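Input: structures, listed below.
Note that subunit A is present in both complexes that follow, paired respectively with subunit B and with subunit C.
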Partner chain A sequence: MPAALHSYTARRIAQTVLVVILTYVLVFFILFILPGDPIQQQIENPQNPIPAADAKILLQYYHVDRSGLDQFWIAFRRLVQGDLGYSLTTGKPVASLILQAIPQTLALASTALVFTGVIAFVIALAAAFAPSSVIRGIARALPGAFLATPSFLVGFLLLQLFSFQLGWVSAIRDEGFKSVILPALALAIAVSGPIAQVLIQGLNRAYGEPFVTVLRARGLGEARIVLGHVLRNAAIPTVTLLGLTLGELLAGSVVTETIFSRTGIGFLTQQAVREQDAPVILAVVMLVSTVFALTVLITDLIYPLIDPRIAARPIPATADQASD
Partner chain B sequence: MDNDESARLKLPVLSVRDLAVVYGGRRDRLDSTALHGVSFDIAAGETLALVGQSGSGKSTLALAAAGLLPANGRIVHGEVHLRGERVTHHDRRRWQKLRGKVLGFIPQDPLGSLDPLQRVGHQLAQSLILHGIARRSEAREQAIGLFDRVGIREPRLRFDAYPHELSGGQLQRVLIAIAVAAHPSLLVADEPTSALDVTVQRRILDLIEDLQDELSLSLLLITHDLALAKERSHRLVVLNHGAVRETGDTATIMTAPRDSYTVQLLADAPALSPDKFDTLRHARGPLAAVPAIEIRDLTKTFRNRSTAHVAPALDKVSFTVTRGAVHALVGESGSGKTTAARIVAGLSGFDSGSVTVADRTLPLHPPATNHHARTLQLVYQNALAALDPKFTIAEALAEPLRIHRLGSAAQRHASIRAILEQVGLPDSILERRPRDLSGGQRQRVAIARALLLQPELLVLDEPTSALDVTVQARLVELLMELKQRNGLTYLFISHDLSLVRQIADEITVLSAGKVVETGPADRILSSPSHPYTADLLAAVPGRGGFRSAA
Partner chain C sequence: MTEQLEYSAIPRRRLPTLPPLLRGLSVADALALGFAGLLLVAVIAPQLLTPYDPLVPDPGATLQAPSLAHPFGTDYLGRDLLSRVIHGTWRTIAGSLVAVMIGLFGGIVLGIASAYFGKTVDAIIGRAVDVLLSIPGLLLSMVIVVSLGFGALNVAIAVGIASVAVFTRLMRSEVLTVKELGFVEASFHLGESRWGVLRRHILPNAYGSVLALTALQFGAAILWIASLSFLGYGAAPPDPEWGLLVAEGREYVVSSPWMVFLPSLVVVASVLAISHISHLLRERVA
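Showing the complex of A and B:
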């Protein structure tokens, strides 16, 4: 059993590294090697011409005259050394741009994740087990309503109420954690719908399993049955979705960051795409793909802790593997 | 106090009076009555068997008596007393005090009845702590002792196992340990062994009986198996459509049933009428020794690609099916029966040996399209899974004819109608879908579809094991009739030896992928030469006598 768990872990880590590397290769070739040289374009940009001396430095730095493969190896070696290149619009190092944006996004994403978890959990428990059928009905309708409400609308409503009407938090100034709450709530409302939905389904399915009848027959109270047994059995699909959501949140939310004037990864992405700032785009894509691969890896590693059958499970039986 | 206690002992442990249970919401008028006017008592130490077909209300009765009715079910009439306490309208909280302590519950499906994510030992220890039988520090040792008592091998090791790591029989032992953990007076067992192999079934029932004597437990045994009820119960309640048809001493009912429904049930139980088809067989006379299927040294191995684990499913299997015979392939789960059936049907390949079906030698690797579909057809155990849920019955039946481009549309229609008549289904069924039919009807559709191509051979993989006794009896009668009319040969896979005894001409016994014994049914059943066969035969319920009074 531990041996199976180790090989499972090793296999998943290797897959994750491979996914990140392949993403890098793919994105690099799309951005830099395919026709339509982003550096040359930026230099010749009529709205924002780069001085000849600077242009020369840029061309030298990126070795545009060499073959695609050479360019890739140069960039890859620099990447390993922590050099992500320079922004084509501001000339600042890409690494420092990213490092500046990360804390903003991290604070927002982690707070939003906590809100998401709490909202989804409360809605799902209410939808599955509330004693009143009216409350169950309302809770069942909420995920759909959340999903159907655009996050900019939620953001504007929250700003209207808490910043402009009540004046609890500034709409413009950064006031630390206080400024995180509203955008995090707007994000959480947007992403908690599907998670609550999946958790409701999981709870209902697990609650209908025969072992619940047996637990009841053993004399366990409903609260212990639900919190101690049903919840864990319902958790796997929810954990998957929560992991993907975390990836999404860490990738930065363009809309929410714009509304609440935060300068996180979402804001950086939006600017880079608008200015066709290829090195920044590449770095952002790499960051996002790494974050996604890691969250998926972590959720995969959490599965066996929740369900011991997952690590021990052999390759699924093929069609001709009959069992009687 | 002493007087109270002795008065209490004289009371029935469970008393059900005129009980009526209804399913359905309070507001909608489509209430369905699951039970009406059911009464019975169970005395201390007594076993009462509740027999009936599915839908007879026997499980509802068990759940009502244990306070476990689902949310849409409710008691609308009558009384339930548990050890003298009126529990008819107990709420959750009051039931919770009785569960485990007064009443233990053994479920039908051991595989789904334990939380899959918790170690089995913890689940038992949880019950011990919950009911104050053991303190937290001593729960582990007590649980291991109890595991040992219920016959779990290496209890210390098994304590930390997860449910998926144990076999069905071992899991049922865990569930029994949990059920008796807090010393209840009554056990409610809902088909406790119907998901298990016969030999395991016997050992589990023996264990329950031992515990009953040791702990002076009463047992409410719900079963569809009359032979099992005959052997294991003191008294019997026969249920049909939610009403009691007959109740009384097991021996009396079995030897002199008064109700017509009971008579029918007894006649339909294969274990209780082993010679039902003897006249049919005698009328036919002896079979000519022409082989329909010949299997020599058949070997098949499954490899698990990730663990490189090699499991032989069939190991040098040889047997011959005589043309016109019912050849039974028997064995417990995992013995390789289904694998052999799939190979014979040309659906899976094999490693070595030879398989000849109706003078055609099968290749090691089956071709993508099954060329001998018109010689041999396979009928699965689960007809619901074998029929496309989106197809109407008409479409499902027309499909094999379309694939083989047989006849015009009108001719196809005519042959479908003819086959429906043969399997005893009305034409009105054609526009319905599998889900709208009963289990027996679906299996008839599956048989009809297999017969449409007029094969010589049918491989029947446990065709009746998901069905009720009565439905099974009708289906077996149909199969025997079809066989005679169309001159078919059957390879009949079954774990039910009483059914095999009724219909088989030849038997092959498989155990762990090897042939233990093969030959004429009479010889194997009357004088088995291998201890495994003898063991299988001895485990068949209904062969022993009645259970003596408590």
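Showing the complex of A and C:
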């Protein structure tokens, strides 16, 4: 068994590294090699023309005159050395732009992740065990409603209610943690739908299993059965959604940070796409997809530890619930 | 149920029998179908639904609150907002349709190729799907839009390409599942060609779940297209488009909140209606 486990672990790690490298290749070719040279376009940009001297440096740095494959190798070798290139609009190094933006987004995404968990658990518990059938019905409908709601609507509703009507938190000024709460809530509502759905299914399945009858026969109270045993069993499959959720949180921050005037990764992405700043876009996409791939890898590898019933084997389609 | 009983209690007038697909619809089903019908009319003939021109400003009636004359109010140039929403429907809905068609077609071709040719082809397509799925859909569409250039059609194409992977994976697993079934194996042994089996047995069996995913993905495409237009990568002003209307209204959200909320609610209603119809289809067809 340990030998098989090791080879499985090694295979999964190799697979993850391959996917990350291939993702870089794909995004690089979409952005730099396909028709519509972003560097030449930026130099000739009528709104923000780059001085001839700077343009020459840019053209030399990116080796625009060489073939696509050469350009790729040059960029790849620089990447390995930790050089992510320079922004085409501001001329700043991409690495420092990303590093500056990460703390804002880290605070937002981690808070949103906690909110997501709380929202999903509350909805699922209400959908499965609320005493009133009306509340159960509403809770069951909520994940679908969340999935149908564009994140900008949630953002504007929260802003309207808490910033403009109640005046609890400024819509523009950064007030530390207080300013994180609303955007994190908006993000959490947008991504909690699938998790709540998986939890509801899990609760219903776990509640029908024989161990519940055994526990009841042993005299355990209903609350202890649900919170101590059924919930634990139902929560295990949501672990496989973690990678997907993190990816969605980071991608969703593009809209949320724009609405709440925060200057994190999402805002950086939004600016970069608007100005077709290819090196910045490439770096952001690689950051997000690497976080996703690593999270999926880690959840796959530790899943047998969380759920001992599952031997170390590929967990069927980690991202399958993406579309559900 | 109760409706059927009431009808049968009136013997004089016989209602024409409905096709089995429509029998026993609930109120929610009817609402969803009705809203989808309304969307269809707004796409094909928007002028039937509103008397106002979506592009003609009225300097005497700017930023009016919703009223009987202007149910959604007017925008900062005095254009009727409901009319702009109605005339903008086709950009979002037809765009989503284009996106779903691209995803569906790409997914069917790649999924069948992956399941049918096995080994090398399967490995290559499998890795490609892994790569595409490792980038969140909204972000992947942004990358493609940067390469294609901004615009309503390009956003639709980008969202379509970004959803190919999901369809490919579903199609591949459907084909593989059906391929292993006894009767399919039997028809191989009876000398039916690969394409014959595909056409006769595999595609009809995969139909239901692919249809359900298509409807689901249609709703997601609406949200993505609205979000990308909201960020300013899609349709350009003064063209009306749902996400763009929200972005335009954003400047006035404090004084005229309806400019943001009413177009957004239309987006929600559309996605809800389509996802409800997707459930209905899954129940009745699959």
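Note that in this section the second predicted complex is superposed on the first by the 286 of 324 C-alpha atoms of A that agree within 3 Å, B and C clash if a C-alpha of one lies under 4 Å from a C-alpha of the other, contacts with A are read in each partner's own complex, and residues count from 1 in each chain.
Heads up, the rule we're going with is that contacts are C-beta pairs under 8 Å (C-beta built on N, C-alpha and C of every residue); 3 or more make two chains touch, one makes a residue touch a chain.
Note that the structure is predicted; figures quoted are calculated from it, not measured.
Touched residues of subunit A were counted for both subunit B and subunit C, and C has more of them.
Legend: residue contacts after superposition of the two complexes on their common chain; A:T269 is shown touching subunit C, with no touch to subunit B. When the two complexes are overlaid on their common chain A, residue A:V198 makes contact with neither subunit B nor subunit C.
When both complexes are overlaid on chain A, the residue A:V285 reaches subunit C alone and has no touch with subunit B. Contacts of A:I306 after superposition on the shared chain: subunit B is touched, whereas subunit C is not.
The intersection of subunit A residues touching subunit B with those touching subunit C, taken from the two complexes, comprises 320, 322-324. Residue ranges of subunit B in contact with subunit A, taken from their complex: 66, 68, 92, 96-101, 103-105, 107-109, 112-118, 126-127, 130-131, 162, 164-165, 175, 178-179, 182, 302, 304-307, 309, 313, 333-339, 341-342, 347-349, 461, 493. The touching residues of subunit A, counted against subunit C in their complex, run 15, 18-20, 22-23, 26-27, 30-31, 34, 36, 38, 144-145, 147-153, 156-157, 159-160, 164, 247-248, 250-252, 254-255, 258-259, 269-270, 273-274, 276, 278, 281, 284-285, 288-289, 292-293, 317, 319-320, 322-324. Across the complex, subunit A is touched by residues 127-128, 130-140, 142-147, 149, 166, 169-170, 213, 216-217, 219-220, 223, 226-227, 230-233, 243, 246, 250, 253-254, 257, 260-261, 264-265, 267-268, 271-272, 275 of subunit C. On the subunit A side of its complex with subunit B, the touching residues are 4, 209-211, 213-222, 229, 232-233, 306-309, 312, 314-315, 320-324.
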